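In the two complexes that follow, subunit A is the common piece, with subunit B as its partner first and subunit C second.
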Partner chain A sequence: MENYELLLSGITLVPIMGVVVLLIWRNATKKQAAAIGILSETFALIVPLVLLSVLRKQDQVVFSLPWIRNMGISFRLSLNWLSLVFLMTEILVTLAAMIYSLGEKTGEKHSNYYYALLLLFSLGMSGTTLADDAFLFYIFWELMLVASVLLLLVWGHGEKRFGVALKYFIVTHLGSLMVLVCLITLYVNFGTADMTEWMTQAVMLPGTLQAFLIAFFLIGFSVKMAIFPLHIWLPDAHTVAPMPVTIILAAAMLSMGTYGILRFPFALFPLENLQPFAIWMMIAGLISEVYGALMALAEKDIKRIIAFSSVSQMGYILFGMGTLTLRGMEGAVMHVVYHAIVKALLFMVVGIIVNITGKRDIQEIGGLGFKYPALCVSAAIGVLGISGMPPLGIFNSEWMIFAGGFDSGISIALTVMTLIGSLFTVIYALRFFGGIFFGEKKHADLPEKAPLALVVPTLAVTAFLIIEGLIPGPLLQWAMQGLTSIIGGLN
Partner chain B sequence: MIFDLSLLFFLIILLVPLAAGFLGVLLKISNQRHVLLFEVPLMIVFLSLLWFMGESTILTGLSFMGEVIYFSISLNGILLYFGLLVALWVMVWRTTKKDHKTITRWQFVLVHLALPFGFVALMSGQFMIRYIALDVVGLLVATSVLNSFSDKSRFRDFSAIFVLLRLGDLFLLVSILLLNYHAGTLDISQMIDAGAKLDLWPKIWVYGGLISAVMIKSAVWPFSTWLRRSKRSAQGVSFWIAGFMMPILGYYLLYRILPIVNSSILFQLITLILGVLVLILSILLSYGRLGEQDRFIRMGSVSGGFILIAAAFIGGKAFGYYLLAWVIHRLILLFTEDNNSSVPSAISDAYPAIINIVYIGFNISEAPAIITVIWLFLTGLSIYWDITQNAKQKAKNISIDGLGKLSKKPYFEKNLAGFAGWLNQKLEHNILTLGFMKLSAGLVGFAHWLHRNLEMNVLTRGIGNLGRVFKSIADWTQSHVEQGIDNVLIWIGREFVHVSEDAFDLLETEIPARTANLMDGTLHSLEGYERRMLKKKLRWDLALIPLFFVVILVFLLIF
Partner chain C sequence: MAGTIEIIIPAIILMAGAFMVYMSARLLGLNNKAEAILTIMVLLAALISLVLNFNDLSDLINNPDVYYGSYEPGAVLLVPSAVGVFIMIVSVIVSILVTLYSGEYLARDTRYLVYYPLILLLQAGLFGMFLSNNLFHLFLLTELTTIAASALIAFRFKQEIAIKAGFKYLIMSSLGTMMMLLGIYFFYRSTGDMHLTEILALPDRFTRIAAACFLLGFSLKAGVFPLHTWVADVYGNAPSAISGLLAGVFSKSMLFILPVICLRLGMTKSELGMYLMIFACFNMLIGSIRMLGQSQLRRFFSFSTIAQTGYLMFSLGIGFYFGLERAFSASLFLFLVIAIMKSLAFLASGVYQFHFGTQDIEKLRGAGHRSQLIGLCLSIALAGLAGIPLLAGFTGKWLVFSAALATGDLFAFVCLMIFLLATVIGLAGYLPVIVKQYLRDDAGAVSHPVSLSWWMAAPVTLLSLLVVVIGLYPEPWLNLVNFVVAWMVI
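Up next is the complex of A and B:
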């Protein structure tokens, strides 16, 4: 086994070690626990960067250990260009959330458990992204859910959190069960859980079975993506969760649904078999885009406004994937990354506003622009970013998604509606921004400055958003290489 | 030549405003007016040098999403930017000379951002870069009305302007992406050529998107609302972005898409009709809105009508000069706004006629005679209405009924005024203003309705209710089914116990007792029998019976 293969396993093993240390170190202060968590995640971030040179040579790095031999199950991790994009996004978001946590009150008590669960949450996502064995994939998939539910239950806001956590668990688990049905069906048919092997054999399955599996996979993963009307878990979960967890949920975990769709139905089955589902994906994407935007427009709670905007943004991604074209899917993958950055930024801004005003109702907030100019600039960039304003990143991904719509040749009108529908995003984003930063001041005793521990990561994410938008080249290249390597026949 | 002079001049024009803006903010220069008064002529000099270098293509070596970024230096682009720079300089010069602070740092920054982006929008040979530049200029137009955090009405103006201009951008994006799909490139010239050759159906989409974008960005009726808001709220020289740069960029877009407009008689007719409608309605509607709308907006929209009419039939390079002439017209309009204007009234009044007559004269062979006649008629009409309107404003006579006093044809004027008032009420007020407000309110209302009825009642509370129903069913099942089974089991258990007890009584108690009695009786009987038998004597004679059987057996065996 090569050294770099061992290094790959570190992305999962080091966070596990971090968790173990945190569980043992019960008296750890919040800063100590955060240090362990941040160090583990930083290591997990460095590894893929180190492996980039290897990836350029061979397009894939695999770490494999036999696990349950007589069942054909192994501990097999694989890093390719596509998983790299999702992995980096997820780790960066978690890292930002962990740093942001330091300025938050969340996790003051039982800090070791809090950071251990954050690490497990991240591990679930990293593992899901890297797993090349269906059994392993599902374990990480559920780990992600369990860790996030526990974080919600223990550190969530208000008594409502028990019900919300239960709803979140049940609804997303229903989606997971649909995925599980597909995984078991494939396992039974092929006698192995090796996902790379599935890619070569899935074509031989009967057409009706393929259609059934595609439909189940799409619905199952759409629950995680929070596509209307399967989004019902999202607004409450995002609202009740502590802000760092909300950031991870919205910016990173939603992307796991997208990854699942690309990794299973799109990678396993021929594109012509996906064709009947294309228009439905595009329509569902359009509905989700408009519905999420309208809900964000009607909401008063600033946290829920941004939560609903996730439903809308996921609509763009589903639409892009539904085009079944290279540009559409590249746009969708890039949108995942850009959305993650913008969403992390907007939630960070919301967190600071809640921290300084103690309010979440937009009608009770106002006139903060003059007092907190840096925060106002960050929010403005976030709002312009989510509105698809060039040269910020989402513009790049959005126009590629729309271009994919035209390339697909399915319906010009549908793509035009989706494109013009993006105006709703501008409207709710402006309402959010104007409501908070303009108008009469509604608070008498506001702190002179926003907490530095919250402002610094927010400004860092703002800068990152601008840089990502101005230099989209590497991301575009990774997305293109990743997609063409796992999905054939794209044009 | 060691280096390309065109590139050098191009970079200077692009970078001078950026550098000046940056240094101006960094060094906190107080006299922004002087900086601009010096900087703009400098740019004009380099622009002239660029013009002398002739039309060329400047490759940047950069790419956007895999497409090469390059700039195509065209005479028309340079002329329009020249016009824009002159307009800016005049606006700066007109700011009061006593108080240098009339150009605020905010306005200074906005103008310095608009200058390079406007230049890029005019010169870019790649459509997506042009789109980006237009989008940014649109944002700057909207931002120019913001000057206070506490005044929320300014933010409302900002939102309205931004949303409308963004709508124009989205229309433009539809066309760009469709053209890109058919042309396979983002090169503007190639895309336009490919667009002109498209089948009618996709071409309708392309044309629709482009003409909508042009009309919105040029602020012609019915999209002039953003310019009106900007005129009301934008301060000082920052209005130059909204009043000059944005409309000129819109018209230049029209100039670039002329091959598509002229590729089909249908599009030519639609453009012509749009032009005529814009022109007539702009005048008529302003006619009935005395005191509300100034000449800059009104005649700006009128000029938009003329430009659309020109685009429908007379294209080519001459169209660029025609556009430049209208830039100068806008400047004259701005000049003549105050009563102390140095421009003679006759020049400003007759200017549109001069432009149109000269332009038509030079291109007389290109447009059909009927169009030329209509064009000239509309020119005369617009000037007549413009003069009447100015007279009204000067006379401070706000009453529509008072129009008759100013005209030599009271009957005509009276009826026209009445019609204009009616049209204003029905079309502008009821449909466009109230309609738009109702649409906005309807959208928000619909969002709230959907939020209340679908999201909260069905999807959120509905799920909760579903959970409660589920719990009720579970409770009922618990009490009726689960408990019932329990009861049955308990009954069966009890029955078992009863049966067991009965069986126990019967089998384990009664029967053994009876058996014991029976056994006792039997044993007693046997004992008595034994006793009786023991008392009897033994009969030896009976022993002979077996012996007798043995004898018979032997006998049978032998015989």
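Up next is the complex of A and C:
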């Protein structure tokens, strides 16, 4: 086994070691626990960067260990260009959230468990993106859910959190079970859980079975993506979760649904079999987009406004994938990344506002702009970003998604409607921004400065958003290489 | 009497051990712990003889020379089966852990003298049921287990509720054995013999009626809908150790005797498979739905037992209806996993009962903080039953799913959807219980940590470890199960 293959396993093994250390070190202070968490995540971030040179040579790095031989299951991880994009996004978001946690009150008690669970949550996501074995994929997929539910249960806000956590668990688990049915159907048909093997054999499945699997996969993953009407778990879970967890949920976990759709139905089956579903994906995307934006417009709770904006943004992504064109899908992948950055930024801003004012109702907040100019600028960039203002990232991805829509020739009208629907995004974003930073001052005694641990990651993410928007080249290239190597039949 | 005596040595050890344990405890005035240790030694001896005598199953199966007794009409005839040996090994291991646990659990009871011999008799009866090829002896042995089990259930006879539970079990089980007796009558009327060694060459309507009678009888003992009504009352009120043993192993093992008898009596595989699949759906749904509103921990687990019986029936049903070998491996694996998780669940909840004197889930708020080990173990049991990945329950679920989907049949798929629905409903039952253990009392009561004795801690920890180990590395267990299935004669 080559050294770099071992290195790949480090992305999962080092966080596991971090978790073990945290579980043993029971009286770690919050800073010590955070240090371990951040160290393991940083390692997980460096590994893919180191592997970039290998990846340029061979397009894929695989680590494989036999596990349950008599069931045809192995511990198989594979890094390719597509998983690289998702992996980096997820790890960066987790890192930002971990640093952000230091400035929050969350996790003061039992800090070691808090950071261990954050690590497990992140491990679930990185494992999901790397897994090349269906059994392993599902284990990481559920780990993601279990870790986030525990975080919500223990550190969530208010007595409502038990009901919310249960709803979140059950609704998303229903989606996971649909995915599980598909995975096991494929596993039974091919006699192995090796996903690379599946990619060569799936074409030979009968057409009706393919259609059935595509439908189930799409619905199952749409639950995780929170596409209307399967989004019902999202607003409450995002509101009740502590802010760092909300950041990971919204910015990173939602995109796992996108990855699943690209990795399974899109990668396994020929595009012409997906064709009948394209229009439905576009319609669902459009409805989600408009519904999320309208709900964000109607909400008063600033955390819920941003939560509903996720429903809306996931709509764009589904729409982009539904176009079934390289451009649309590339746009969708890039939108995942940009949305992660913008969403992390906006939730961080919300977190700081809640931290300094102690309020979440937009009607009780106002006129913060002059007191906190740096925060105001960050929020402005976030708001402009989500509205699709050039040169900030989302402009690029939306451009490609709409271009894909026009390219696909499925329905020009739908694309035009989606384009017009994006106006609602601008409206709720501006209302959010204006309501908080302008208008009359409604607060008497505000602290002079927000906690440094909150401000630093916020500013860093803001800077990152601008850089990503200005230099989209590498990301675009990775996404394109990833998509063309995984999805057959793309021009 | 002739044949290989080795095959009945485990039964002899168990039977003789029962008397020996009782007499020595009585005459020497042994205390509870000493008697428990003595019982464990007997069970260990039985386990060793089981493993030694049946270590090469290939020698033993389909070999006309391996039997004990005589083929003359009416004579004792004991023929071993691979599945029976496997189930007995699981059952004896669980019994050892239950006995160890009882060493502390019965500390406040005075009537421990008869308790351990009854466990041994129950095991001997179960082993005999798997061996006996004479229907009348099968009936007698079933009665033996019924009586032993109901005495154990009503063990705390000063509590009215325990008497009620024992009585209910006795009545219901006797009803089941009566049905078997009726079946024996029809069988005797048709063939003039009591021996049932292989599938009848010419089944007539009488033997088919007999098959139906046995089907009902065993279904009742296994707690199959609509004959499940006794399950919650009995397991909910019996001593936890006994509930663990009966719900985890004993009643589930009936599902593996049932097909042997019914198929031999002329029921076709598709009839049996269809019966199992249809009623599995009812069991799964009713078990998981009724589980939701329960306030008593053990009653909650009793309803989940009904659902698990359904899961087992479902995979067995697929196996018979579609003739799928992987479904049989799935059901045997599931049996193993459920036996471990269910006994763990009951034993852990028994620790709460022992230390906090309550089974009320609401009153057990914060119990997980007072006894962190038990809190963790019970959480593992619950998460395992809910089928969370990396625990044994998930691997079982994966195997059953793959068996069901491998059929490619619409009906199996519909049943699978019901299975899925049941697991989701079950999740809504299991998760709140895990959470409530860790909720602090609102009253701010001082919570003292309890000190656990290792008699209770050891078996519970061991079972939890098994749940995790089987989940992480199921390969050797699967090999074992596949080996048994390869030699399964049904």
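Heads up, the rule we're going with is that the second predicted complex is superposed on the first by the 490 of 491 C-alpha atoms of A that agree within 3 Å, B and C clash if a C-alpha of one lies under 4 Å from a C-alpha of the other, contacts with A are read in each partner's own complex, and residues count from 1 in each chain.
Operating definition for what follows: contacts are C-beta pairs under 8 Å (C-beta built on N, C-alpha and C of every residue); 3 or more make two chains touch, one makes a residue touch a chain.
All values derive from a computational prediction rather than experimental measurement.
Engineer: Output check: A:T185 vs subunit B and subunit C. Expected answer is one of first, second, both, neither. What do you get?
Structural biologist: Touch partner of A:T185: subunit C, not subunit B.
Engineer: Which partner does A:L294 contact after superposing on A: first (subunit B), second (subunit C), both, neither?
Structural biologist: In the superposed model, A:L294 contacts subunit B only, not subunit C.
Engineer: Between subunit B (first) and subunit C (second), which, if any, makes contact with A:L177: first, second, both or neither?
Structural biologist: A:L177 sits against subunit C, while subunit B stays out of touch.
Engineer: With both complexes overlaid on chain A, does A:F464 touch subunit B (first), subunit C (second), both or neither?
Structural biologist: neither
Engineer: As a test of reading the superposition: which chain, subunit B or subunit C, is in touch with more residues of subunit A?
Structural biologist: With both complexes superposed on chain A, more residues of subunit A are touched by B.
Engineer: For A:W25, is the partner it touches subunit B (first), subunit C (second), both, or none of the two (neither)?
Structural biologist: In the superposition, A:W25 touches no partner, neither subunit B nor subunit C.
Engineer: Per the contact definition in the header, classify A:P390: touching subunit B only (first), subunit C only (second), both, or neither.
Structural biologist: In the superposition, A:P390 contacts subunit B only.
Engineer: Of the two partner chains, subunit B (first) and subunit C (second), which one does A:L423 touch, if any: first, second, both, or neither?
Structural biologist: It touches subunit B, and subunit C stays clear.
Engineer: Can you check the complex and tell me which residues of subunit A touch subunit C?
Structural biologist: Those in contact with subunit C are residues 67-71, 135, 138-139, 142-143, 146, 153, 162, 165-166, 169-170, 173-174, 177, 180-181, 184-185, 187-188.
Engineer: Contact residues on subunit B for subunit A in the complex?
Structural biologist: Counting only subunit B, the residues touching subunit A are 65-66, 128, 131-132, 135-136, 139, 149-152, 154-156, 158-159, 162-163, 166-167, 170-171, 173-174, 177-178, 180-181, 202, 205, 443-444, 446-448, 450-452, 455, 459-460, 463-464, 467.
Engineer: Given the complex with subunit B, which residues does subunit A contribute to the contact?
Structural biologist: 163, 167, 229, 232, 235-236, 291, 294-295, 297-299, 367, 369-370, 376, 384, 387, 389-391, 395-396, 399-400, 402-403, 406-407, 412, 415-416, 419-420, 422-423, 426-427, 430-431, 434, 437-441, 472, 476
Engineer: Give every residue of subunit C touching subunit A within the complex, in rising order.
Structural biologist: Those in contact with subunit A are residues 388-390, 394, 398, 401-402, 405-406, 416, 420, 423-424, 427-428, 431-432, 435, 473-475, 478-479, 482.
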